[in-house]
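Next come two complexes built around chain A: one with chain B, the other with chain C.
Take a look at the complex of A and B:
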């Protein structure tokens, strides 16, 4: 018994989820129309400025989208309105951040001159013309405190992570919980604590005190990132090491940790990025000093306090210096961030 | 094989650590418990330095709205209370949450379900990046850029809505108001709330989403019926993490809020409070007795944020465990 199979036509593959040109054109028209309406609104009503324009846009885009798509039925209309609201809200979220970057760049670059990164404020009052003085003292101070803090916080953070992932001790859950609780400590409270102990006992503000306040804020970030990285190490590696007769200590220090060296560097960098911009704890611990200093027992300058103290003066040149300091700080944080990102992608590719 | 063969007793597996390993495990445990020591020391020292305040004022330190050192030589003339600052902290943090959560939800949904796959990682990286913008930069930007905008907006808002008490401004002075500080805080906490929300939304069960599509549902239908209910507790936890951060923020609030020792809920007027920026404001010229009061205020702030973060951690962890 043979049945002749009728040659059925294979239907052409369709991709209904792909955007069609018609849809793109239609949404373009809707967006343009609501742009026009909200422009009209800003001209004729009290909705002023770029914010008013955006509010008008956020109000009329959903209305237009709804009016256009209701002919396909209620569900489709609601779906399209939801999509337009979500996209518009996401766009609104981006505006302030873009404004921060642009403002800091525009105002900050005015403070730059040839010696901005190599001179300090030793003989320059903040209100002096902008071609004098610079942020060298603040960069050196921040660097010193960050290095001391890293020397303490990075080993401790990695220890906590090793305890949770490798030792798997009785308190593992508790330690993870503590680390999370510690990351919620407000930075001013960390500063207040160091003031109540270190500054009062040793009789004054110092770079040491600033660095110790940094340790409290850095430790949770390092510990959490290191824990995430440690979990990436495959168990086969550990088993192989144990099978060769290595102790747990040897396995950890010679096999596990070297495998994720770049991830541990990432955790340290993220910790540094977390604290480099902290202002509040330094007001209470390291205070401020106008000259470049490497004396750890004296008050020391830092980028955030340089910004903060220039801002409090109300003078135009001083304010411009504050923006200049902000630009330097923002660049420092972003460079650290890019570094961490590059290292961690290299690790995950491995 | 005979039927009489019995299964052997199950052996107990034990690990006997070598001396080296015992030292290793012991030292790791000690290092890991360092954070416990720090947290305990923070509470202990702030209590020790601020104890006199608590014994002098008792509960009225928490509820009182007057901050008056009186005669600097005579501590018995001082009247110190952080009631107004506590109310202000909560008010600005709540404003921040109310603004940040809907935007963070939308941003998280956009990244997970609407954005093209190619930009998804870039957007996630951008989120991490803006989360790292230092608070002093938010503060200087808030003062220079956001303040004039909010001032412009407060005037018509007050005119239209002044029948609602919180929008009424009898003094007619706008500017460095709780609304401005709350708006700035909302920008600062949006990245963290978004990344928590994005994480939980991304874990929504794929088969249920597909089932929703298969029943002819729209994308929004799938999100509303599967993704949002699934991520609700995670979102609450993320919002509470943001709340903890907003309560403890110092410099940005210091620059954008006018501290006034008076409990009020008028969010548009140029008068508000925040415990953290109280400490930063008063610290410079504080008398020894006032300094003790600041330590006590720090302890209150520490305990409040610890509690909020504790709840947030519990909620976020529970929402992760379901997965």
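Take a look at the complex of A and C:
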């Protein structure tokens, strides 16, 4: 007999609810088996092609999972089949995503050379060999316009959302209706509107005009997302603040908005995502310029227009440059998102 | 099971008490039936809980005899609720949680690999601190929600609804408005609806996490009566901050305490002993309201 030990002996932490390695291995085998079966099906039967393969996979996996787990009882089997269908659906969504990214990477990386990110096209025709020229001008232009547009649209959009949800002003319903209607505006119309009001009036294409066209597209996205996030704040928090004698402004700015800081960052991200790849609103506003420029009153380059104009030339080198621009655009958008995410976790950890 | 264990030397023959006397009857029942208890029920052995690196609960070995009420008492943050949630495998829903030890239900460890946690939660029911009837269902639908969600076929829905609501002490108040939404009831009624909802699955164990903390005294009294009646046919474990409530409803009491480190079980005994003659001075101080 062991005598009772002092309670200092702490046993090892365990998580019996985690999936065991065995289960993971078994799921892997099931996936491989269904891949093999559906491949066999496409080879031997009329059911051919990639679609037939997916169809076979979609049928095989649940059936195999069910057959394997039915010995644990009906409920467990149904549970695992549902899980396998979800995982398969996730895989199906992943396929086009990975395909797009890999294609852009494969074709775009050919355009990359040492100076690709630091040189521009001021002395390089698009048809020149690929070791000359770069996208610096387009990156700078896109960043400038996205940042200006965000600086205008994010505060404005959040203010609109605050008006609708917090202030509940007389025109709240009307404003909500307008933002909803605005989110349906085609991007070329946004560009046309800025062309008619800003470009003609101030006498030329400019970075300002491009940024303003972006604002028109971003605003409804930011406002609607911010509105949804604001609605999630429980009324108890507002009551608690009011009960401490706080004004509505103090309540909104010190209690409500900080609570949803990360949600507001998400709204900004969605706004940026809405515009960063847009070409149409820039054609009639910012136009294009081959040199790196930070002059906001002049035409400015942007990645989408760089891609668009390079593609239009029909030259092989120019086409490769367009793919390179696409890859850079993907990376720029990804970096912006990563920055915003980091910022939002910082904010919410405070 | 309603029938007492055939091996027992004494048969529990407590008549179903009337509503007014039932609470006073508890102390007598404690003393009388001590030997009879201890057959099946629920038992923990060396149970530990962690949240990430934080050791929340250490080395709790506790036995809940069949058809008894056990009160878990102790100041906030001593691990009572964590312990309760480990008894029906709700602990694992918290990300980065981990555990050690065993929880034996009918002699089997519910944390063994071949145990289906869904089955465990069906047989070990739980009622939460805040009443949480499903807003998209009416009163009647709420009662049989567990069966619906588990896809268990019910032959006679209406009878089952009536039986569960009656056992939860709510039938008289809601029998004319079973189609009303669950949220239209008062807080106390909602909590009894949640109890009725747990009962529909005919659990063997019912876990209650401070079920009366948001209720007025009248509703509290009714919930307490319900608990006492339920313990005729099931094992009840209740977390409570209310010493009078622990004294009124429980057969056994377990006192948890944290000295800054993980929560530990200080003492567990018959409720009468815990309140009149505790072995540990900290228990005495706590039950008499000198701290916590």
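What we mean here is this: the second predicted complex is superposed on the first by the 234 of 350 C-alpha atoms of A that agree within 3 Å, B and C clash if a C-alpha of one lies under 4 Å from a C-alpha of the other, contacts with A are read in each partner's own complex, and residues count from 1 in each chain.
By our rule, contacts are C-beta pairs under 8 Å (C-beta built on N, C-alpha and C of every residue); 3 or more make two chains touch, one makes a residue touch a chain.
Since we're looking at a predicted model, the values are computed, not measured.
Legend: residue contacts after superposition of the two complexes on their common chain; A:201 is shown touching neither chain B nor chain C.
Contacts of A:273 after superposition: chain B is touched, whereas chain C is not reached.
In the superposition on chain A, A:159 contacts chain B only, with no contact to chain C.
Of the two partner chains placed by the overlay, only chain B lies in contact with A:97; chain C stays clear of it. Judged by the touch definition given at the top, the superposed model places A:13 against chain C, while chain B stays out of reach.
Number of chain A residues touched is higher for B, counting chain B against chain C. After overlaying the two complexes on the shared chain, residue contacts for A:75 are found with chain B and with chain C alike. Residues 75-76, 79 of chain A are contacted both by chain B in one complex and by chain C in the other.
Across the complex, chain B meets chain A through its residues 17-18, 20-21, 23-25, 27-29, 31-36, 38-39, 41-42, 45-46, 48-49, 102-104, 106-107, 109-111, 114, 125, 128-130, 132-138, 140-141, 143-146, 149, 152-153, 156, 187, 190, 194, 217-221, 223-224, 241, 244-245, 247-251, 255, 276, 279-280, 283, 294-295, 298, 301-302, 305-306, 308-310, 312-313. Put simply, chain C touches chain A in their complex at residues 46, 48, 50, 55, 58-59, 89, 92, 97-101, 111-113, 116-119, 150, 264. Chain A contributes residues 7, 10-17, 20, 72-73, 75-76, 79 to its touches with chain C in the complex.
Of all residues in chain A, those touching chain B in their complex are 46, 48-49, 51, 75-76, 78-79, 82-83, 85-87, 89-90, 92-93, 96-97, 99-100, 103-104, 107, 155-156, 159-160, 162-164, 166-167, 169, 171, 175, 177-190, 192-193, 196-197, 216, 219-220, 223, 247-250, 252, 273-274, 276-280, 283-284, 304, 307-308, 311, 322-323, 326, 329-330, 333-334, 337, 341.
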